[in-house]
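Each of the two complexes below includes chain A, the first together with chain B, the second together with chain C.
On to the complex of A and B.
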């Protein structure tokens, strides 16, 4: 009749098939029930464009800013197939030549383990720990500096009048399809100031 | 243990043995055809990849499987997790796009691993920006742990040959059991 090897082979192939079917169902169902987020608010402050002059290096413009964010990502973190959220703030702007630029200025990994309200340490209140209440996904960022240098490939912001700022989220599931969306936006385009003269 | 199997081989004769070999080849060929069909559908030269480094932890760990696609005519956007290979290096890298500069002629991209402190400029072999032609695809789907088999096979090559040999051997004697 059947040998031990035969039985083992049959059992493992059956197990693999059913596990794969289960994982497929999980990823489809979590995609169908994907929650939506109420789009929150980004406030851009202290946007400054300066000119970097370093000996031996190309002269180039450098923009810096601070920003506040208020948004609620609770529905995303309540979904059972959420392993991690990746939050990132982008600046999108166009030049008169038709070039379109899209740049990440700040990002943050939010794992399921640190599912809590989270706040960034503010300039005014350094003593407060960078973590909020446990258990919810309220995002409160205050006066956060940009994490990545904001430069132009051409070296100059000349001709760039305004930029749109958006906080996106990227949802990593335990299994299945990745999804992304908008968590918060700035109200309308923000003016890019002239280069500060020294 | 294998006495009876060897005896069966003798009984099969040349014709039977050739038939089994043909069977074995057709299994391999159909696997290859499925892979190539997937390449065509996703427009990507390797639609399924295994994560080899920890630069995207905690999202992707070593051994996780990623499903890619590479839609033609759709530019890559900031925040997409891409798999790219720069000329002069063999290993594809899974990192996130953090800058995109679209001009009339091309799209310049800059990537960074979520778990890395630095952007990828050092990995580009002297290039300043990544371009579309370097990108294999964008990550759409995720399956944890399964790819660890391939990492184990790369780390211990003997395991690979043992596994291949075992699969081949069992394919050869499989049919015989059904005849009996």
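On to the complex of A and C.
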């Protein structure tokens, strides 16, 4: 601590330790105070299974669907240490052979509304997070198509009677542990229809 | 750094006395602990991680400003060196020739 550089060096290293302690406190307290989510509703519409016939390629079944989602994730999105939410819709179903599949059909990233960006710090970006009906966390999806193709490893949906549809969330914090859960579910298993013949 | 004038070099080097070194060490620790507590409480109350980090950064800059330059108050207890003693040996005739 005798010279300028010595003091600068010593205090910077001390501050590094203390800022890590601060971040640890933030991550622990945000995990403890994590809000719970009221599980919303997923409606599956127009679930169709077709047969893909491409020249030179294996014939296989392809399922397409449209879905509605209504769920309120505002408490989660506006909680202490949330940077963004990753939402993804999965179909869970069992094959007759006993294999259980978890297929991701759609996903979306919802960023925090008042996230301040170092590149553009303006009054607009620091707007108060909206609560209740409005706000980015209020997920209202109508007639959304699946984003990723839904196929079977065996090439056929034969023997697969039903599937459960769930909208999961992953909460990405500024600092700390990733936490995840269920944001919305379909009411009961959905019947998978027969392949459309052409 | 030798091309700079001597007073500038002395100021840049910024020596402070040992008593102040000990005090700076001790009080910077206390200050940082307090700063972490204050920053955490503010960020938790305002529900914003960014504000907590900004409070910490502001306090750290204040700490650097208070301790890094060699302020006169950090040189209040200079070391008192013993006076230089004159050599008391006698020269013999052989050694002088």
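In this section, the second predicted complex is superposed on the first by the 173 of 198 C-alpha atoms of A that agree within 3 Å, B and C clash if a C-alpha of one lies under 4 Å from a C-alpha of the other, contacts with A are read in each partner's own complex, and residues count from 1 in each chain.
FYI, a residue touches a chain if its C-beta (ideal position, glycine included) is under 8 Å from a C-beta of that chain, and two chains touch if they have at least 3 such contacts.
Because the structure is predicted, anything quoted here is derived from the model rather than measured.
Engineer: Clash or fit: what happens to chain B and chain C when chain A is overlaid?
Structural biologist: fit
Engineer: Touching A:15, do we find chain B (first), chain C (second), both, or neither?
Structural biologist: A:15 contacts chain C only, not chain B.
Engineer: Is A:4 in contact with chain B, with chain C, with both, or with neither (first, second, both, neither)?
Structural biologist: A:4: touches chain C, not chain B.
Engineer: After superposition on the shared chain, which partner residues are touched by A:26: those of chain B (first), chain C (second), both, or neither?
Structural biologist: It touches chain C, and chain B stays clear.
Engineer: Once the structures are superposed on A, label A:71 by its partner contacts, choosing first (chain B), second (chain C), both or neither.
Structural biologist: In the superposition, A:71 contacts neither chain B nor chain C.
Engineer: Of chain B and chain C, which one contacts the greater number of residues in chain A?
Structural biologist: With both complexes superposed on chain A, more residues of chain A are touched by B.
Engineer: Go through the superposed model and pick first if A:174 touches only chain B, second if only chain C, both, or neither.
Structural biologist: Once the two structures are laid over each other on A, A:174 reaches both partners.
Engineer: Which holds for A:146: it touches chain B only (first), chain C only (second), both, or neither?
Structural biologist: In the superposition, A:146 touches no partner, neither chain B nor chain C.
Engineer: Rounded to whole Å, what minimum CA distance do you find between chain B and chain C in the overlaid structures?
Structural biologist: Taking the overlay as described at the top, chain B lies 9 Å from chain C at its nearest C-alpha.
Engineer: Both chain B and chain C contact which residues of chain A?
Structural biologist: 174-175
Engineer: Residues of chain B touching chain A in their complex?
Structural biologist: Within the complex, chain B touches chain A at residues 58-59, 77-79, 81, 96, 98-104, 108, 114, 119, 129, 139-144, 177.
Engineer: Quick one: in the complex, what on chain A touches chain B?
Structural biologist: Interface residues on chain A, with respect to chain B: 6, 23, 27, 83-84, 86, 88, 90, 97-104, 107, 109, 111, 148, 153, 168, 170, 172-178, 180.
Engineer: For the complex, give me every residue of chain C touching chain A.
Structural biologist: For this pair, the touching residues of chain C are 12-16, 18, 21-22, 24-25, 28-29, 32-33, 35-36, 39-40, 43-44, 47-50, 52-53, 56, 60, 63-64, 67-70.
Engineer: So in the complex, which bits of chain A are touching chain C?
Structural biologist: 1-4, 7-8, 10-11, 14-15, 18-19, 21-22, 25-26, 29, 78-81, 116, 174-175
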